[in-house]
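Got a structure for you, questions after.
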């Protein structure tokens, strides 16, 4: 892959949707332990809506339009916590590639960073609060570092995945201070945050899709 | 093993439920044209009245949509099961509820709801609709007293929305409606227990596990874990545990008045609720607190969860007047 | 494995439940002095009015005791769980309800209830209280049409009692009240399905077995087996099966009016009931029958049983007027 | 035993209560299959009330008073189908021994027949309708035949038990036409009627008690 076209982005969203679909039981079960058991359901509803909306989109749509369409359809299909977080994330990704006909390696890493930043602006969670930020923030940093090292797109994404996985794993040991699990105190310890888990699923799906392009 | 439900395609369950609701209550509610997830009271919104928008995830019926009607809420955005509605239907509700005197957003304090309602408030702001937000935080089991602002909103919503709806219906200005809504929230105390879990229509699996002799104390209304698991106790012991905690915080004086809500989380039948209420009355008698009015039944549910919650609203004359104000909603009437 | 319940000593569960009911609804009901199992409406019985006594076993709340109040029933004897009350409290209710114009006994058609109410009617007769009995037989799944008099009374009780209560409240003579009660019964059609069993407080064991994918069609409200067991179906298919049967018997003409009751047997949540109601409305639209009013919720339950029933009341002007008559009961209000 | 005193009758009611208590789960389970699962509960409530009331009764009470007290307390504690049936049965037994200070062999067989007759008057059920009558009617007849043969009290009771057992067994094959099971049609077939089953339990308890006197 050299540059991702808008069509490639659609392929990636499709890959994310498929991955979430395959993973949704596990995600809901993780949410059942410390939350309300719907995270897999919610993510599945969201990406189904995204891919339906993208399917209706004009073939000439640019990357920003793809991201904005994803943002709106995810948000409106989902609500919940994930809706505003991913809605904002995709909106910011769209802004990050504004005016560009394609997404190159640098822009890809920047997209990931913009997404993480958007989520954080929306949800106000810091690292260590046992949320999806514990996957997305390290992932964004790792992608930036890989980019700075001169890694190619796939390597950037692989670095992001590895960081997200470590971050998600680390949520097990955390007390929650944001989201539903924040009232659990000690009882949340030992369980992975479902939002961090789905972040890993998404990043892995992106990586595999980009690798395959 | 799949849990048993009378459903069709879970993908359209909310749309179908709304169709059933509007079919049942056509004199009370309608869906906003082009925004079916925004439900509005037929006789609610009017010029000069502060609009009351309440909402949240589905699966708690009659909370929230059942409380839409004259004298209570003007509009209600509908979320997926246990998921905040997205900003669009909330924004549609704000517009539909607006009578030019501002709009009050009221909902349980959950991260997802806060994000979505705040986004909708921004959208309404761009239309020059002044929006104030009052979060409900009545679940005293969900955070310690010194972190009251972190608590969840649960069955006490019923009292808090009722008071706010009466304030709006009596044409009080926005500041006053907001003040009264906050006061109602500050005076409302809820705690619940869960005996067996619910399941989502999409998963048809129990959302969490409870042992055959276990109950969960301080359960959230979405199946979020509570304070602790413990062995099932008698109705009296459960009520005492809840009343100890509520009275300990409420610190009523002899001669004070309360309203009582004994609420089923879904599957717990009236027979059991009335056993709890018996003990509530005994406990209140013991401390010389009188009961202004009692509601017993399914007011804020978690699908088919078994369990119950007890809510006390600590009344003064101002709140009593508003509680007694009549309302006529899709699934609830008073006064 | 014991089923989970919020109870104290099952030996006194009815007494404790009644204590909780009176504590919750002191403006609606009281217990007869010396006969705590006889519950009377505070504002019901009066001189010259036919007294309405409804009753049956406990465990169906709000049926029966919840429908005691001005405009509906005057008194209600309370049985053990799923057991007819004995003659004594029935007799006490007859005396309390009597205004000198006769008393109507109304209850579901079950062998036990018939024996106990008949014994009480004899006792009342010795006091010169004229008693007429109207059995409810709305469960169309419980016997074929040609044996209509053998059918059980189930959730349709709600409509039948409501009509009879309005007839009594409007001071009609005993003959007329009896006629209208019989007419209401003849115009009421119910059928239900059960998804999972209930358990008695005394046994805390499931009363019967249903496979993990099975439902019982035509279930009784005491856990009596229904017409057949079969695999769980969708909300639409279940509603269609019920509506086919009801409409097949009711044979409405285009332009006819009905009232609808979609009832939970206990654990089935409002979300599912509204799905059923959606399909009820579609089916009625298809045959050009209009809906006068719809009730959705827990009206006649079987403790914590999961399942639902659908009732149609085939209206004419006379029945409509009585259905719309206001009532104000312990657990139900209308008009 | 030659003649049963009022005190012996109390002992017998206690024995019935104990036997029902031991059997109540089975009786409720039988009722669960074709009825509403409460028959054991109901019988237990009934005989507990009976024995509580008898315990309060004056020591000088005669057999009729014992039976009448049992009748009233059973009926008022129970309601249901069993209440009027056993309430009437005990009332008729009391009438059958009216004025007698003790119950002799003949009177015992007559009591059983009076009970069965009372139940039938109250419930209007014929043999073959799958109710407790299918145990009580043959039992009453058997006791009468044994009496006519000159059997002693225990032998009369043993004959009644044997007939009740056969009758209860026979209910398995019957369609029900009275009581809750009457709406079941073919589905009732194969299952013993709970009321017939408890009749056997009661008669066995009486027999054992009389044997031990």
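Residue numbering begins at 1 within each chain, and the chains themselves are lettered A, B, C and D in the order written.
Rule of thumb we're sticking to: contacts are C-beta pairs under 8 Å (C-beta built on N, C-alpha and C of every residue); 3 or more make two chains touch, one makes a residue touch a chain.
No experiment lies behind these values; they were computed from the predicted model shown.
Rounded to a whole number, the gap between the C-alpha centres of subunit B and subunit C is 29 angstrom.
Note on chain placement: the centre of subunit A and the centre of subunit C lie 53 Å apart, centres being C-alpha means.
Per-chain CA centroids place subunit A at a distance of 73 Å from subunit D. Within subunit A, contacts with two or more other chains are made by no residue at all.
Of all residues in subunit B, those touching 2 or more other chains are 81, listed in ascending order.
Shown here, the protein chains touch in a chain-like sequence that does not close on itself. Listed by chain label, the pairs that touch are A-B, B-C, C-D.
Against subunit B, in their complex, subunit C makes its touches with residues 1-2, 4-8, 13, 16-21, 23-25, 58-59, 61-62, 66, 81, 193, 195-196, 201, 212-213, 215, 232, 234-236, 238, 260, 262, 266-281, 291, 294-298, 301, 303-304, 306, 308, 331, 333. Residues 25, 28-29, 32-38, 40-42, 44-45, 75-85, 87, 122-123, 178-184, 187 of subunit D are the ones that touch subunit C when the two sit in their complex.
Partner subunit A is touched in their complex by these residues of subunit B: 57, 79-88, 110-112, 115-116, 119, 142-143, 150-152, 200, 202-203, 205-208, 220, 222-225.
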